[in-house]
Every structure is written in structure tokens, then in C-alpha cells.
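Shared chain: chain A. Partners: chain B in the first complex, chain C in the second.
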Partner chain A sequence: MNTFRTVLFTTLFLALSFIGFATDKEPSKDDAPFDPKAMILHHVKDAHEFHLWDWKGSPVSLSLPIIVWTDNGLTSFSSSEFHHDDEGQTIVEANGGRFVKLHEKIYQLDSGATAVAYDAEHHPTNANKPLDFSITRNVFMMWVSVALLLFIFLTTARSYKNSKDGVPTGIAGFMEPLIIFVRDEIGKPMIGEHKYKRYMPYLLTIFFFIWINNIFGLIPILNGANLSGNIAFTFTLAVFTFIITTFSGNKNYWKHIFWMPGVPVPMKLFLMPIEIIGMFVKPISLMIRLFANITAGHVIILALMSLIFVFKSVAIAPVSVAFSLFITVIEIIVTAIQAYIFTILSALYFGMATEEEH
Partner chain B sequence: MDLITPGFGLVFWTAVTFIFLLVILRKFAWNPILGAVSDREEGIKTALASAENARKEMENLTADNDRILKEARAERQAMLKEARELKSNMIETAKTEAKEEANKLVAQAQAAIASEKKAAIADLKSVVAELSISIAEKVVRAELSDQSKQEKLVESMLENATLN
Partner chain C sequence: MTITGIAAIGAGLAAIGAGVGIGKIGGSAMDAMARQPEMHGKIQSSALILAAFVEAVALFGVVVAFLQG
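Take a look at the complex of A and B:
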């Protein structure tokens, strides 16, 4: 309980300190006019280095490894070799290839090219994008969250093993209501008393995985490692839900998709394409909902902070701070709500796939 | 716009990480935790049920006890009543028997007295007769000396000798 309180207050405290970091970000671009859109997108999107803060004009960051699949096989080097360059100026030679980083994308220069050439839309013309397996900011934060999840739940499991009567102690006392909530409010009502057990590990894992990453996205010193607001992350989880739904679909489920019972034949033919589209729309809606909600929260907070620089006035700061604090508190609630919605809808789809004829 | 284009690397790492997390947590966290929780719930359920059973049994026992106590009380009452009746009966019979015995004794005594009296009277009669005879003899002897006197005496004597 105490641990939880500490985490909560730390999160709130860090949410406040976010303001400080947001203001720190900008001085390097004093000469150029402030572009809120670029700043917001830069924060919301993934990055190859973990920027922490600026110190005396130069950024302090954690360099993450870049791993790309090229014609010469797997190539890896540290992102520090780009020296914080994101404009394609610094060329890094590794494993026989020459690489540049342009807007957080790694490009491999064509052989013979010495500098990036652009077309009218500022797209490189003499470079291609190799398959990028880099440990980016989001991958790094995902692993941190996995470490935390493993710590929390393996400790919880151990506390059950150690207690003789199965009474939860310590962290288990806090986690158990959440686990029982997922079981009794999500698993049982959505899937049904008899079949929910098979799906519990998946439901519990996505619930806590999404929730903790939503929370991590709100911690400002991590510079909004926006994992759960990244479409790749929500896409992957939605694909898992889709795969599990499809593979647990019983005869009744497929009959409802391809040959809807209880309606006339023309209606069956009419409903079939709709149901087939629906199969895919369900996971797509999961993907977009989580991505959009979390990204929107970040965008709002960042936009409120941008107001200070747009108006070029310190007087606007209290307003920005007050509003972004308000939104941050709402976002803390949203972290749980979105994890809950993703989980309950996944459970609902599993329940539909396994529903027996009635 | 690449904000809504899933990056291949992150998809790959998310998939790998998620499967890893799912497998590890399932084996070492979810199954033990859910198992322990449902075991405990079962335990609570059975404990409640057995408590309820025990309560019912206890109620039955109390009811039994009450019934047995009542029966015992009734039995005692009946026994006491019977004993009382027996006692009064015994006293009654004893009384009547005693009365009968006493009556018999009295009757016997009376009979004995009566017979004794009869015998005594008979004795007396015989004694009187003898005495009278001896007197009569003596008188007769004396009187017989003088004829006339004899006759006169006999006559007077017989006149006076009203028996008793």
C-alpha cells in the first residue's frame, strides 16, 4: 500500500516537474520560429535515443543501440554515433554500409553516395530504409515496464506461495483486488463462467501491460516514452486479440459470420460481407482507440505547454501549468480506463467467438 | 503520415516482448495467483458450509436435549405419581387388613369369653347342685330324724331354692 502511494505521489510530482523539462527543451531552437506541431510530433513519436535533459546547451541522453538488417546482414551501432543529429548530416559507417538518421528514421545511403540528396518533398532520393530492429525509446521503456511487471507479479505469486492460508500479504494485498476485478468484472461476464479460465492469462497480461505503459507514458522525465500511444504497439496487441479470437471461434461463431441463422437467404448473402468486414474492424477499432486516446492526451498536454512559447509570454505559464496539470490528472484516470476498455473488448470478442448456440 | 504507420521494429519487439511476458507471467504469476485465490475461495465456501452444518447439528442437538429432558421430567413425574398411588394403596390395604384382624380378634375374644362363661355357669351349676345335694343330705339327715320336720324342711327348701 505504501509502495503504491509512493509511486502515485512520485508520478504526480514528476507530472509537475514535466513543466520544467518542457521549457528546457526549447532554447536550442531560439533562432528558429517555434513550431508547436514539430515539437509535439517529436515528443509523441518514437526516437532512437533517450533524451533526458539539456545541460549547458547540449543534450544529456541515453544512447540506445541501432540494429538494422542490411544486405550485409545484421548491423548494429550506438545511436550516439549520430551525435544527436536528426537531419541526415552525420554519416555513420558500419558493416560496410553508410547510415544517416533523418527524422528518427535510419536510412542507408546507396553505394557511392556521400551525402543525402532530397527531392522536392524533402524525401531522400539516394537512400533506402533498411529493416529497423533498433532498441528505440519505446522498446527500452517496454522492457523497463516488463521488468517492473515481472517484479510486481512474481513477488505477488511468491507471497501466495509463502503464506500458508492463501491470505494475501504485502504487495499481493494490493494486486489481488485488481486481478479479481479482471477476473470477475471482465473475464467471467464477457466470456462466461465455464470458458473464461483459458483466457485469463491473456486478459490479465494485456490489462496490466497496457496500464503500466500508459502510466509510463505520463512520467515526464522519461520524456513521454509514448509506447501505448504508438500505433505499432496497439497494432500488435490488436493482432494478438484478433488471432486468439479467430482461433477460438467455434462452429456457431463462423456460422454467424458466413451464414447468419434465422434470416432469409438474401439477407444472409447481404450480411456475410458485413460480418467478414466486422471481423477485422473489431481489432482495428481496438488499435485505433488505444492509440488515439493516449496520443491525444499527450498532444493536449504538449499543446498547452506550447502556448507559453506561441505567446512568448511568461504570464501564460500559470494557465498552461494549471490546465496541463488538470489534463494530467485526467490522463491518470484514462490510463486505467483505456487498459480496461481494451481488455473488456478483447474479452467480449473471445466471448462472442466461444458462445454456444442458444 | 508516419504517426499512424506502424513501425516494423516496434511491432517485432512488442510481439516478442509480449509473448515472453505472457508466457512467464502465465506460468509463474497468473496460474499460481489465480489458483491460490480460487483455492481460498473454495476454502471459504466449504468453511461457511460446514459452519452452517455445525450450527444446524447444534440446533438439532439442543432440540434433542430439550426433548430428552422433557421426557425425563415427565417420566419422573409419572414415577412419582405411581409411587404416591402405591403408597396410599398400601396404607389403605394395611389399614383394612388391620381392621379386619382386630375385628376377628375381638370376635374370637368375645366367643372365648362366652364359652368360658358358659363353662363357668355349668361348673357353678354342678357345684351348686352338689352343694345343694350335700346340704340336702345333711338336712335330710337332720330332718329325717323327725318325720314331720323332714317334710317341712324339704318343702321350704325347695320353695326357696329358686335357681339363681
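Take a look at the complex of A and C:
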């Protein structure tokens, strides 16, 4: 029975995903040539709405609120007022300001301007960007994942609190091996038996947060809210790792950076700038690795699907679907591996920062 | 040749480099695991970390190519 249910849900899930993929690809104008690069970039970037599918030529979407800070204070309106216009044609008036949406960026028109004027590089000349606090689809998915993680881990914690003999029940039975894995395979060997406990909350948080967002990015009906493939997201996580590493660095760590022990003085002087650069390169490589891996995965799947529309032939479809299914399965493994790599490298840096002299 | 073509060649070269690197890591990890099956877990996790380092360099190449192409 259980196997049957698993198979059923897997099939439904996959069917759903390919409906989502296939209907998205259709170019809006039938005579316009299909541009795979524009389509892929549109899917990988953040957006102000969840575009679900096209129905009889008009898009069906979930609109998200736009919140901007202007001279008149906080202004908010629904992104549906733009009527899916992303070329700066539709002007929305709100709170004394006039706004257009151009390539998923909100611009405020200067007073007196009635239409957007562009310079040679297609940048608007008579509009500027206000401070944008909009609930974009990435922000929305982040909140969903935070709510889900809170639910999972509060339930887990409550299960341990209520059980008399410490035996996990329900969802805790599923989470316990994962938490133990992070502790025994990541925390203990990388940081050391005595100090790992301080860092466990952070390591567990980033591991599960990255993992769940990687998985959300693979659900195509959500239009691939590509949160962990967003460089701002990975940048923030990398900055956390950098701050924790820097503040937990002991005397030994700083000595290795500024005055490497055990090498002659010219070598010490030579190594100092390299070590200082290395301090910053480590979080930067964390940032780029997660961003590029997840984005590359999305780009490959979308590129395979756009082959059908590039060749304008149904005969390509089986090949495309088979290959993108194959890549999707690999991506499911990559979601876990990238969360693991980010966490284990963070733990490695914490371990280096707190290592005692030997 | 257009800049897009050159960018694609660059991405391909980055992929070749990463392929050689990950191949060597995987091969050596296999050898080590065959010699010492009891170290299987440790070797596997170090191999994964090293593969991530190599792959990151290839992805830098891909990102640059994507920005240029």
C-alpha cells in the first residue's frame, strides 16, 4: 500500500512538473521567434508574481504586493495592476507617484513625465528606482520555507519533550538521523569534540534552510522560485559564515594569518597578504558555489526543454523530456550535496578559526 | 567568431578541466576505498568536498561565460 502511494504521488508530481514546464515555454506572440536565452533568464530571475500558466493567450498568475519607499512615504499596491506588463508600458498611480515595471524592476517616473524615455542602452532616463521592499516570489518562498522549517522543528522538539524515554515519535523519527548526521559527520570531525556544540545551531539552520530552498527551487509549478540560485541569498549566508569565523578566531588563527609561525621572515611577509585575501575568498567561494550550482541546474533543465521550441518539432520532445528528467534526478541529489558542502565548509572554517596550537 | 561563440568555447574548456579533476578525485577515492573498505565513509566525504572545490572553479568559468555570452 505504501509503495503504491509513493509511486502514485511520484507520478502525479512528475506529471504536474512537466505540465508546468511545457506550458510556460510558449512564446507570447506566435510569429515572434523563440528566444531561449530570454526565457531562461526570465525563469532564473526573481519576479513580482507567480506566473502559473498561459490560458488562451493570457497568463494565469498569482500577484504579489509591491512595496516601495518614495518621497511620500511607504507606498504599496498589487503587482496585478501592471497587467503582466514588464516593458514599462503600463503606468500605475499610487500615493502621488507614478510607477512602471521594467524587467522586473520598479521605476518611479519623474514628475511631469508621461512615458518612459530610454537611452541608447535601454536604460530609462526620466525614471529612477525607489527603495524596493516588495514581497517578490523569492521573499514569499523564503517565508514559506521558514514557516515549514519552524513547523517541522517545533514538532520535533515537542515530541522529545513529551516522550518519557526520549524515543522520537512521528516526524521526529525522520528528523533525528538527519540531525545526528549533521552533528556526527559535519560538526564533530570538522570543529572538534570539545567545541562543536556552540556551532551546532548555526550549522543545522543553514543545512536545512539551504536544503529545503534547493528543493523548493526544483518544484516547477511554483515557477522555480530560484531562491538558493539568487546571489543575494547566498551572499547573506556567506556573510554569516564570515562573521562567525572572524569573531570566533582565536590567537592561533590570527597568528597564522598575520605572522605565520615556523617560516623565515621574508616568507612571513609574503604570506601575510595571501592569507588576508584568503580570509575573504573563502566566503566568496561559498557564495559563488551555491549560486552557480543551483542556477546552472535550472539553466540546464530549461535549456533542454527549450530545444523543443528551438527545433519546432514534436519529435524532439521525448529526447528533451528524458534528458530533463535525468537532470532533474541529478538535481535532487545536488540539492542535498550542496547543502552538505556549504555546511561542511562552514564547519571547516570554524574549525580552523578555533584550532589550538599544536 | 562572435563573442558568444568564444564564451561557449571557454565554458567547454572549463568543463574539460573540471572533468579531469573530478575524474582523478573519483578514481583515487575508488582506489583508496578498495584498499581500505573500513575507511569508506571518511574517504567518500573528503572526495565530495574536493569535488566541490574543483567544480566551483568550473562554475566560475560557466558564470563568466554566461555573463559574456
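We take it that the second predicted complex is superposed on the first by the 336 of 358 C-alpha atoms of A that agree within 3 Å, B and C clash if a C-alpha of one lies under 4 Å from a C-alpha of the other, contacts with A are read in each partner's own complex, and residues count from 1 in each chain.
The rule is short, and it goes like this: contacts are C-beta pairs under 8 Å (C-beta built on N, C-alpha and C of every residue); 3 or more make two chains touch, one makes a residue touch a chain.
All values derive from a computational prediction rather than experimental measurement.
Undergrad: Could you say whether A:I294 touches chain B, chain C, both of them, or neither, answering first, second, both or neither?
TA: A:I294 sits against neither chain B nor chain C.
Undergrad: Have a look at where A:I215 lands relative to chain B and chain C in the superposition and call it first, second, both or neither.
TA: Neither partner.
Undergrad: Determine, under the contact definition given at the top, whether A:E185 touches first (chain B), second (chain C), both, or neither.
TA: Once the two structures are laid over each other on A, A:E185 reaches chain C alone.
Undergrad: Looking at the overlay, does A:I344 come into contact with chain B only (first), chain C only (second), both, or neither?
TA: After superposing on A, A:I344 lies in contact with chain C but is clear of chain B.
Undergrad: Of the partners chain B and chain C, which touch A:A232 in the superposed model: first, second, both, neither?
TA: Once the two structures are laid over each other on A, A:A232 reaches chain B alone.
Undergrad: Is A:S285 touching anything from chain B or chain C once the two structures are fitted on A? First, second, both or neither.
TA: The answer is second: A:S285 touches chain C but not chain B.
Undergrad: Please indicate which partner A:L64 is in contact with in the superposed arrangement: first for chain B, second for chain C, both, or neither.
TA: In the superposed model, A:L64 contacts neither chain B nor chain C.
Undergrad: Quick check on the output: what are the common chain A residues between the chain B footprint and the chain C footprint?
TA: 295
Undergrad: Please give the residue numbers of chain C that touch chain A in the complex, ascending.
TA: 41, 45, 48-49, 52, 55-56, 59-60, 62-63, 66
Undergrad: In the complex, go through chain B and note every residue touching chain A.
TA: Answer in residue numbers: 2-15, 17-18, 20-22, 24-26, 28-34, 36-37, 39-40, 43.
Undergrad: Can you list the residues on chain A that touch chain C in the complex?
TA: Interface residues on chain A, with respect to chain C: 185, 285, 288-289, 292-293, 295-296, 299, 337, 340-341, 344-345, 348.
Undergrad: Under the definition above, what is the set of chain A residues touching chain B in their complex?
TA: Interface residues on chain A, with respect to chain B: 41, 44-46, 67, 105, 131-136, 138-139, 142-143, 146, 149-150, 153-154, 156-157, 160-161, 165-167, 172, 175-176, 179-180, 183, 197, 200-202, 204-205, 209, 230-233, 235-237, 239-240, 291, 295.
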